[in-house]
Amino acid sequence: MKVAVYPGSFDPITNGHLDIISRASKVFDKVIVGVLINPEKKGMFSVDERVDLIKRVIKPFNNVSVQSFSGLLVNFMENNDSNVMIRGLRSVGDFEYELQTSLMNKKLNPNVETVFMMTSLEFSFLSSTAIKQVAVFGGCIKELVPDEIIDDVLRKAKEFN
Amino acid sequence: MKVAVYPGSFDPITNGHLDIISRASKVFDKVIVGVLINPEKKGMFSVDERVDLIKRVIKPFNNVSVQSFSGLLVNFMENNDSNVMIRGLRSVGDFEYELQTSLMNKKLNPNVETVFMMTSLEFSFLSSTAIKQVAVFGGCIKELVPDEIIDDVLRKAKEFN
Amino acid sequence: MKVAVYPGSFDPITNGHLDIISRASKVFDKVIVGVLINPEKKGMFSVDERVDLIKRVIKPFNNVSVQSFSGLLVNFMENNDSNVMIRGLRSVGDFEYELQTSLMNKKLNPNVETVFMMTSLEFSFLSSTAIKQVAVFGGCIKELVPDEIIDDVLRKAKEFN
Amino acid sequence: MKVAVYPGSFDPITNGHLDIISRASKVFDKVIVGVLINPEKKGMFSVDERVDLIKRVIKPFNNVSVQSFSGLLVNFMENNDSNVMIRGLRSVGDFEYELQTSLMNKKLNPNVETVFMMTSLEFSFLSSTAIKQVAVFGGCIKELVPDEIIDDVLRKAKEFN
Amino acid sequence: MKVAVYPGSFDPITNGHLDIISRASKVFDKVIVGVLINPEKKGMFSVDERVDLIKRVIKPFNNVSVQSFSGLLVNFMENNDSNVMIRGLRSVGDFEYELQTSLMNKKLNPNVETVFMMTSLEFSFLSSTAIKQVAVFGGCIKELVPDEIIDDVLRKAKEFN
Amino acid sequence: MKVAVYPGSFDPITNGHLDIISRASKVFDKVIVGVLINPEKKGMFSVDERVDLIKRVIKPFNNVSVQSFSGLLVNFMENNDSNVMIRGLRSVGDFEYELQTSLMNKKLNPNVETVFMMTSLEFSFLSSTAIKQVAVFGGCIKELVPDEIIDDVLRKAKEFN
């Protein structure tokens, strides 16, 4: 049974994230979306709110689940019997950051394998940061985030503004 | 009549910005310098101060004007009957950021065209951030910012320091 | 009257090229597609065949024409009263090559301005080289090259194979 | 049963290739090494010689096999009931080439998924080209190619020289 | 007598930094490690603490010393009769930042020469930022920072956490 | 006595090469320009012609000499009591190629240190290839190659054309 972990901030989940989840669910037996609790970064959504948004959009995938975690990612993977981590790649900037991160994780736990997927073309320019900016400035975020959570993002953007 | 918008923070305007403005003024009938009001980022100069500095240095160009704006850039362009945006490119890092931003703008308004110019060689290493650091540390900023505003930048750097 | 030149090998023209031509035709008064005669590189199509393929696909644009040229690009532009060159950008690799080429052209003729457009998302992975490989191996090239010239490319690929 | 294909030229197989094969064999149920027959490129080793070298070094992995193939990669995968392709990533240059290739393959067959692994640190500077150059100039290729095939590479380099 | 300055934040010094110091000490007659006092950035260690950590790990090198400095780097170099600055390069991101910084320094003082060394392979993924994160999350930092200062970093990480 | 080797094809030497030679001559006690004899690549100038052109332009530097060499670069350095190699860096593309080459050289001879200098701004877009193309197409190569050898390059370009 191949269990893969897909870690990130997901503040909020975007169609780019969902694209990776959907494709990974066909390559691995089980996919766990891991929402990182980062004490140094206050996001737009709380960690619990992010987990809730993800739960709603992964319903169509019966081999995908979601949990939040804190501390070292390699420890979270070990606790869930997983030695494969999935990461999306959109650009050269992503590539260099991910190369350094995967080498550090390999140093911390040589059994952990990081596997990458290129984000699908139509989502390759998406980032949670860019989407939050568009939402705060009142732009249309249709096709950028899953339809089920558009209202949640616009409501939060108003509070933020 | 081809109206092009050149958006940015311009905190402060540098010789690299002025180089793009001068070259764009020969390619398009009218150029509007758009100073973005970004509530999340407090700069060295206020937005009004930046607009004033730009007004002083664009005097030689009779087809160039300046305005500040807030909200979505594509809306600002629409209000000024412009469907062409100009951006300068200095490095690979610029390129990737601009690629993602131009694709998001295209998503928000398919009629908007982003056109890029490579910054001239002698200005390719300039950034407002680097110039502010040199000024704060008492370095010489001649040839980095237009001569007309050197004193303004040094005075502001002293307040900042 | 703003005349812009769009130079390249076009061996053959792809939907990525046509995308740039179509968008440039809305930004400039006249666009001249310049097919470079490069004695050092024997392509799949002869230069005349490439010019003919381009003529067929630019019919919908009344402000776009095509010519072949040899020698220095800056001289070809001068002979056509143009001081603006358009180039498409798909990737970091493109960016660096284009940065060096545009700086060399600026050196040869300081009046020449190179203006860049990012290739539209859906064409950002296209290159004449990749399309020729797919055609030679019998793959489907629909949506990769303009419909009008699909048969020409497949016929040439067979000869080539 | 998850079957993954690892395609390449392998002229010759390097320790970087073997590193990817070994790690992939722990992530997927079956791994097929596919040696591409490229009529346009004459290598140092013939395709059959490359297949033979690979056979010798993959003996320790009971879920790994090797075949040569010609034509489109997506067709080769379909004939082997595989919808997952593995590719190694060493550098930014690799990343951009692989991004364009994976998008073209996705266009040719939307069911094909390309999954990437970063080459392990100690092999990240290896390429068949660089190793052939070192061998032709009489340099030491220990730790660059699997021990079992060092003599084959040095013998071929002498013929080549 | 060739005096080279190796400037940085060193918050804290890593094995990547020490690798550059060791190799530079064989190329230049004297190496001065310069710890930059940056009023805008509060680090994990104070500047004095960083100088102390460096003093302990450079003991084996009799031609290497350490000082903190504030203001312009080119002025610090002039005060120490040095016109050569050493910088380490790990990635494309480093390269672009360093290219712009070295061109700005050349502008401020044409006599200053920046010389670069590629970080050794086994340290190429290290950064003070990544190491602090691992330490704060209780991960093992052996082989990431010099053995002599591991306890200092873990103690500081606890305070930080 | 610090002896540094500056290896390359130099087909022909450009002002970018001369810029690196001039700056390196101030950092190291002796600089040897090494012209690589590459059997696989036929250049515009023969190796002897390249050595002659270099001899003419390095006359102002009394600590700079030139030799051609074949085989492994690390062996050439050892024969000249040098453990420092100088390379110029112009772009991200250069950086990645040089990173892999320097790591391979380090593998072949751990005592060899590769030291890099960023090409000066005004020469950052120069390459022997681009200059040869401009010369073959009859463009002006003043300020691109040293004045002393302009006629040699134009004469050779005519033969080539």
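The letters A, B, C, D, E and F name the chains in turn, as written, and every chain counts its residues from 1.
Note that contacts are C-beta pairs under 8 Å (C-beta built on N, C-alpha and C of every residue); 3 or more make two chains touch, one makes a residue touch a chain.
Which protein is which chain? UniProt says A, B, C, D, E, F = Phosphopantetheine adenylyltransferase.
No experiment lies behind these values; they were computed from the predicted model shown.
Colleague: Which chains make contact with subunit C and with subunit F at once?
Modeller: Where subunit C and subunit F share a partner, that partner set is B, D.
Colleague: On Cα atoms, by how many degrees is subunit B rotated relative to subunit E, nearest 5?
Modeller: Copies differ by a rotation of 120 degrees.
Colleague: Among the chains, which is located farthest from subunit B on the basis of C-alpha centroids?
Modeller: If we average the C-alpha coordinates per chain, D ends up farthest from subunit B.
Colleague: Can you tell me which chain lies farthest from subunit A, using the average of the Cα atoms as each chain's centre?
Modeller: Farthest chain from subunit A, going by C-alpha centroids: F.
Colleague: How would the subunit D/subunit F interface be labelled, same or different, where same requires over half of its residue numbers to be shared?
Modeller: Different, since under half the interface numbering is common to both chains.
Colleague: Give the chain pair, either A-E or A-D, that is connected by more C-beta contacts.
Modeller: So, comparing the two chain pairs, more contacts are at A-D.
Colleague: Averaged over CA atoms, how far is the centre of subunit E from the centre of subunit F? Could you give it in whole Å?
Modeller: Result: the chain centres lie 31 Å from each other.
Colleague: Between subunit C and subunit E, what is the separation of their C-alpha centroids in Å?
Modeller: Centres of subunit C and subunit E (C-alpha means) sit 47 Å apart.
Colleague: Return the distance between the CA-based centres of subunit A and subunit C, expressed in whole Å.
Modeller: Each chain reduced to its C-alpha mean, subunit A and subunit C end up 39 Å apart.
Colleague: Multi-chain contacts only, two chains or more: what residues does subunit C have there?
Modeller: Within subunit C, the residues that touch at least two other chains are 92-93, 96, 99, 103, 121, 124-125.
Colleague: What are all the chain pairs that meet the touch criterion?
Modeller: Inter-chain contacts occur between A-B, A-C, A-D, A-E, B-C, B-E, B-F, C-D, C-F, D-E, D-F, E-F.
Colleague: Can you list the subunit A residues touching subunit D in their complex?
Modeller: Against subunit D, the touching part of subunit A is residues 2, 23, 26-27, 83-84, 89, 92, 95-96, 98-99, 102-103, 106, 113-118, 120-121.
Colleague: Using the touch definition from the top, list the residues of subunit A that touch subunit B in their complex.
Modeller: By the definition above, subunit A touches subunit B via 90-93, 124-127, 130, 134, 137-140, 143-144.
Colleague: For the complex, which residues does subunit A have touching subunit E?
Modeller: Counting only subunit A, the residues touching subunit E are 71-72, 74, 92-93, 96, 99-101, 103-104, 107-108.
Colleague: Sort out for me which residues of subunit D touch subunit E in the complex.
Modeller: Those residues of subunit D that touch subunit E are 92, 121-122, 124-125.
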